[in-house]
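Letters A, B and C name the chains as they come in the text, with residue numbers starting at 1 for each one.
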Amino acid sequence: MTSRGATGEVFDLGYQRYAGPREGRSRARRALFWDGVRTALGLGRGASQKVLPWGFIAVAMGPAVVLIVVAALASQIGNTGDVLEDLANRSYYQFAFTPLLLFASTVAPALLCPDRRERVIALYLVRPLSSMDYLTARILAFFAISLAVAYLPQVLIFASLSLSTDEPLRYLREQWLEVPRFLAAGFVVAAFTTSLGMAAASLTERRPVAAVIAIGFVIGTSTLFGIASSTSGGDIGRYLELLQPPVAVIRANDWIFGQPVERVPGPAYFGATTAFTVALLALLWTRYRRLAA
Amino acid sequence: MTTIFGLALRQLAGQRRFLIVLFLSAAPVVVAAVYRQNAGPRGADYFADNILNQLLVATVLPLSMLVTGTISFGHEIEDKTIGYLVLKPMPRWKIVLPKLAAVILMGGLPAALGGAITMAVMPTPSVLDAAGVGLALLVGAVVYGAIFTWAGLMTQHAAAFGLVYVFLWEAAVAQFLAGGRYLSVRQYVLSLIDALTPDRLFTLSIERVELPAAMVGVILLTVVFSGLAVRRLNRMDFP
Amino acid sequence: MAILLRATGLTKRFGSTLALDSVDFEVLEGITGLLGANGAGKTTALRLFLGLIEPDSGKAEFLGAATSDPIMARERIGYMPEHDCLPSSVTAAEFLTHMAQISGLPPHEARVRSTDVLRHVGIDEERYRPMGSYSTGMKQRVKLAQAIVHDPLLVLLDEPTAGLDPVGRQEMLELIRRTGHDFGISIVLSSHLMGDVERTCDHVIVLDGGRVAQQGAIEQFTEETETLVVQVHEGLEALVESLARRNIQTSVDGASVIVQGVGQATYDAVRDSVVESGALLYRLAPRRHTLGEVFRTR
């Protein structure tokens, strides 16, 4: 191909067959995963798509930032320890659970609802990809983001707490157990919120409705069983607490951090949270099995 | 105006999400009916107040209004037919008003009725309680309706912002920040219930907004957000 | 010529309706029309070949792929559904790149193919705009582009001209012809319009009520489909009688007379008959058969 003179001339090369590599199913899964991450965070889209996810991320991160400032000030004054007793890794999810929940309810449906509403899913299912590949890639994409949002503040808190003491190494030696604990607790929280947001999204094609369903489920069950629990009293009353997702998640967190847990044994709260997560994933799975057919 | 009102009613009623409203409204009635025999150790009044505060005022009312309010213009925006609606030779408030009325009717009325019936099937039923709660919920529905209708006109993510307002601001901030209470519809409704019913809410130790302040808040927010919705319609540009 | 698709005893039932009733056919290289009225089983057949639904009995085989894994076979097959399927907030360029990767292409190659294929379907500058703002014609072209972005051996097009105006329809058919003949991608074109199939395809398979009514090279069908529509105000019956006396086959469709087997002599006969019957003629136009008419007259 040459260009002649100043005017130049464009040669149409015609249609080119593709002879390059085809990476099949694994490429398809990875592409869907990364597309899910980008969609959830609004990357490559207009500013309006970014407000929501980054707003919630900021809210979830906020207290960690405040904590770092407090820790820094406290270490300057030379008074660490007591001041920071309440603001630590172990209590972080008590606060961050609500923003993480709202984040999952409003943002996770963006990975499932529009695909069905605009029927893009019809194009995915005729490609080298099973419907379960699709679902798994989408769930993992949102779960990865949720985990990052859940872990990042914990890492910051741990780092700032250790640096604000006079002997960071001693802090590390004494408190290293907090790290696997917050890794486990964050996993539990993120798994619950992700499966809730995704399961709600599988019930409707509209994102706002999915958000209301997810929030309504949490508020509804916790209010319902909260009232039932406080009116029933006795053993039934105690065990009804397990059916309140926020209570179960927060107490499971306490249990993981080795805190004393009231009313019902800690493992029961952990079990209840896991049961909620598994049930929601099962709902999601059955919904998508039917949709694919 | 009646045409728009009728059309809006049909849009809202024809949606599956209207089932969500019905479900939400019926839930407290069912809970009350199931537990009326066994109100627990702390007594019937404590039970009634908790259902009222946590379920009716904090959940059913805002969620019902959220699902109806944020989509009152949703159809037109989605189908891009909002142009036809606002190109009609009539002032914009004549569009907003019937839409708002339809939202209150379809979202607020079931919630208010559900609330009144809940009070009526309580272990200690009272006609005054039922009427007072119903009325207060309906007033709350007007304010929420205005706010969420405006939000629905402003952004596609109105429902998300509504959830943030209800479950972060009203549930958390306004409970702990004294000043925040004065910008919380939930607190207005509680204040109204306190004033309208002879013996509700006294078992709960919650700080409440004074009645005059609540009334001012109700009127102010309703007028301001309806006005903002009208303004938004005036300034919308259409593809 | 290689066989790309083979249906043997293919049967599919949805509830009480039999969508496909023990159907046998083969699709060869080139452009094949899958012709049938709405509900004749076209979309069902395509979905069976894509493995989206399972047949009740019989086999739907895609023989172009070397693999025995039905999911991996989809690497070499493309599909353009009849309904809308484009995300409105994404640009065509980004969407095509994404879809190429979902079909297994590495990211860089996907981007190159995306640009190439969009140019071929005639989407240039617009490819950086969100697809929600596209016209129906542009959307159809992007839908075609996503079906061939991974350079399949075969693409299945389900009613690709649906919703297009006459000019857009011509352009789309031309594009399909180019894709089939110049690009060397074999095509199955499902349509309920004889005209679309006639102008584009090399072969045709006619489905009717879940059975194969006809199949073969396109030439067999085109001659039979020339018809003439005559519309008159009064004297419809007299006209039909008059035409019958001249040994012209007709059928009455509402207020119009459909004349079969059009040649030069037919026009003369119609003219004479109109004069003879005294009918008030106000429209006379050649028309191709819709499939329904072909079967009604048989």
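Everything that follows uses one rule, which is that a contact is a pair of C-beta atoms (placed from the backbone, for glycine too) under 8 Å apart; a residue touches a chain by one contact, two chains touch by 3 or more.
None of these values were measured; they are calculated from a predicted model.
Peer 1: So which chain ends up in the middle if you average the CA atoms?
Peer 2: A
Peer 1: Just grab the chain with the largest centre-to-centre distance to chain A, centres being mean Cα coordinates.
Peer 2: It is C whose centre lies farthest from that of chain A.
Peer 1: Taking the mean of the C-alpha atoms as each chain's centre, how many Å separate chain A from chain B?
Peer 2: Once rounded, the distance between the two centres reads 30 Å.
Peer 1: Rounded to the nearest whole Å, what is the centre-to-centre distance of chain A and chain C, using the mean of the C-alpha atoms as each centre?
Peer 2: 46
Peer 1: Between chain B and chain C, what's the gap in Å when you average each chain's C-alpha atoms?
Peer 2: Those two chain centres are 52 Å apart.
Peer 1: What residues of chain A sit close enough to touch chain C in their complex?
Peer 2: 14-18, 20-25, 27-28, 30-32, 35, 44-46, 49, 114-115, 118-120, 122-130, 293
Peer 1: Which stretch or stretches of chain B touch chain A in the complex?
Peer 2: Residues 16-17, 20, 24, 27, 31, 35, 38-42, 47, 50-51, 54-55, 58-59, 63, 66-67, 70-71, 155-160, 163-164, 167-168, 171-172 of chain B touch chain A in their complex.
Peer 1: In the complex of these two chains, what residues of chain C are touching chain A?
Peer 2: 50, 52-53, 71-72, 74-75, 77-79, 81, 83-90, 94, 98-99, 101-107, 109, 113, 116, 120, 146, 150-151, 182-184
Peer 1: Mind listing the chain A positions that touch chain B in their complex?
Peer 2: Residue positions touching the partner: 48, 51-52, 55, 59, 98-99, 102, 105-106, 204, 206-209, 211-213, 215-216, 219-220, 223-224, 226-228, 230-233, 237.
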